[in-house]
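Going by the order they are written in, the chains are A, B, C, D, E and F; count residues from 1 in each one.
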Amino acid sequence: MLHIVNKSPYEKSALDSCLRVAQPGNALILIEDGVYAATRGAGAEKLQRAAASLKIYALAPDLEARGIRERVIDGVTLVDYAGFVDLVANHSTNQSWL
Amino acid sequence: MEEGQQSGGKVKKFMFLNRKAPYGTVYALESLEVVLITATFDQDVSVVFMDDGVFELVKGQNTKAIEMKNFSPTYRALDGYDVEKLFVERESMEARGLTEADLLVPVEVLSSAEMGQLMAEQDVVLSF
Amino acid sequence: MKIGLMVNEGPYTHQASDSAWLFARAALAAGHQISRVFFYHDGVNNSTRLTEPPQDDRNIVNRWSNLADEHQIDLVVCVAAALRRGIKDENLAKGFRISGLGQLADMGIKADRLVVFGD
Amino acid sequence: MKIGLMVNEGPYTHQASDSAWLFARAALAAGHQISRVFFYHDGVNNSTRLTEPPQDDRNIVNRWSNLADEHQIDLVVCVAAALRRGIKDENLAKGFRISGLGQLADMGIKADRLVVFGD
Amino acid sequence: MLHIVNKSPYEKSALDSCLRVAQPGNALILIEDGVYAATRGAGAEKLQRAAASLKIYALAPDLEARGIRERVIDGVTLVDYAGFVDLVANHSTNQSWL
Amino acid sequence: MEEGQQSGGKVKKFMFLNRKAPYGTVYALESLEVVLITATFDQDVSVVFMDDGVFELVKGQNTKAIEMKNFSPTYRALDGYDVEKLFVERESMEARGLTEADLLVPVEVLSSAEMGQLMAEQDVVLSF
């Protein structure tokens, strides 16, 4: 299953809720303000822990827009929109944590 | 559109995921409207309340002084629409100091892990 | 693969509509079909023909109209949500149609994937 | 006391417009003056004359129009925000006027208090 | 000065930010989804600590709408809209933590 | 309206409080538009960046692939509008792993307590 998180980990609890519920082997893609979780900072810790059991992606166009592409932490795979589409196609279930 | 070709007899698992408190935003109310319509399509419907969505089910809502419509009685009516699978995540409920006795309707309480498994079994998850 | 999209926020205020449009375009480029886009909640505001963004900014409404025209995408605006927010046939942009919530359920049943974009 | 209000979200989706209206009514009842209500961001969507909420629900747009009429309140819709979102004279409700952001600064200067309602 | 918080303490960080910045003697009113912070639950702790240096109010109409008026913790003063207006009038500065 | 009677010569302290990240929502952009207009009214203007608002000032923003307008160069232009008081809350900046060197414009960095004092001195706080 693919989880989609579009919220900043500093502003909202959406990522926390996703990580609490996500099952080992699930995939997670960070988009929009959610990409801040993929970068260095206090929000990175929880993601790094999660990377042990989840496959984690972040949308490169959203990282670039925010000027933080160079700040991405290890363990996160960058994808473009085509990659986002592939992730949706390759997982029978997806869920947006709005 | 060629969609008509695929219809007929197919039953999918639909999950409606409610994570927002009522009245502060309209999502809880408009989510209920979707649940009621989808119920008429004879699909396998689950309605989930987690995070602040658990607050949607709190008893004793009285919207008189904010002059909005109190839509919480509708949760009691879901049963009549054959929407019988209501789930609450235990961690969300307990963090908010709530117990099942505080809720308007009978629900099945799931752990976070059980909730994650239930989600992964769905065909469609509509989140609000 | 048939992919359906749900857009829950209006244009400009949240990125949801931008993300959904870029996703749709990429999906079409990859050979998928976008069977329908269902606009719900404030998402119905994506369908007003009266938007006039600054010259140097994207026109979100027209982008949807054009994509629908080029790829025969069914753009459905929820009637109940639209009435609450002042979207009617008189201010509806080209390529959108107003219909019931049943169209969302129908999309969920018929599409292979459904992706929700919102706040 | 002269109180100005700023409303940053549209009707129904967020409680902001409801809270602002109830606050305005209470302020007027207490003898204060509501010098202006400035609608910004999605707040401009409070001014569409096309809303038609369910019969058993409040009509947020009409409530503002009526309050303005009874108490001579200046309801100002930001023109730049309105153009982005499809609010123009042709769908503007009674009692609202479209004007520039200078009206917000002016309200801040002249009012004794300014309260912001938003998301 | 009067701080206005309208966000759930479980969903957003607005209350945390307000409490980090608010100065001793300031007032705080909780409205809309912000009123959940005034009730029993994990969100109550931070508010109870803050009540030592801030005067804390909650909007009763919003508590009643959400069915939680009976769950309000000690140290919070309930007001109606008229009381909210008085608080705004009685403080030369107010700020909404949107 | 009798407001005209009170105008003329009055200078008030206006604070613009930015707490949202750019692009995910429009608040950062539309807040800038208000700052630019208000600057022409000869008031005492402070612009504050805290919480995710600090992200508005990050260098190197490139919006090409999301097809939105990159409005971050406008922060550099504020100086030309005599908007010179830009403040960042240290705690917000540090929590996000940022330093002043990562920001587009020179700012004054304040502690949370200093920020609270600055806010309390204002006549009008517009928050976005």
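Throughout what follows, contacts are C-beta pairs under 8 Å (C-beta built on N, C-alpha and C of every residue); 3 or more make two chains touch, one makes a residue touch a chain.
Just so you know, these numbers come straight off a predicted model, no measurement behind them.
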item: Neighbouring chains common to chain C and chain E, by label; value: A, B, D, F
item: Farthest chain (mean CA position) relative to chain E; value: C
item: Interface sides of chain C and chain D: same vs different residues, half threshold; value: same
item: Centroid-based (C-alpha) most distant chain relative to chain F; value: B
item: Cα-centroid distance, chain D relative to chain E, in whole angstrom; value: 24
item: Approximate Å spacing (C-alpha centroids) for the pair chain C, chain D; value: 28
item: Chain C residues counted as touching two or more neighbouring chains; value: 8, 12-13, 15, 22, 41, 57, 80, 116, 118
item: Multi-chain contact residues (two or more partners), chain A; value: 6, 10-11, 13, 32-33, 61, 80, 94-96, 98
item: Interface hub residues of chain B, defined as touching at least two other chains; value: 23-26, 51, 66, 68, 123-125, 127-128
item: Chain pairs that touch, as defined at the top of this document; value: A-B, A-C, A-E, A-F, B-C, B-D, B-E, C-D, C-F, D-E, D-F, E-F
item: Touch list for chain A against partner chain C, complex; value: 4, 6, 31-33, 61, 80-82, 84-86, 88-89, 94-96, 98
item: Chain F to chain D touching residues, read off their complex; value: 1, 3, 6-7, 10, 12, 14, 26-27, 30, 33-34, 37-38, 40-41, 43, 123-128
item: In the complex, chain B residues that touch chain E; value: 20-25, 51-52, 55, 58-66, 68, 70, 72, 95-98
item: Complex contacts: residues of chain D adjacent to chain C; value: 10-13, 41-42, 45, 48-54, 57, 61, 80, 83-88, 90-91
item: Partner chain B, residues of chain A touching it in the complex; value: 1, 13-14, 17, 20-23, 26, 92-98
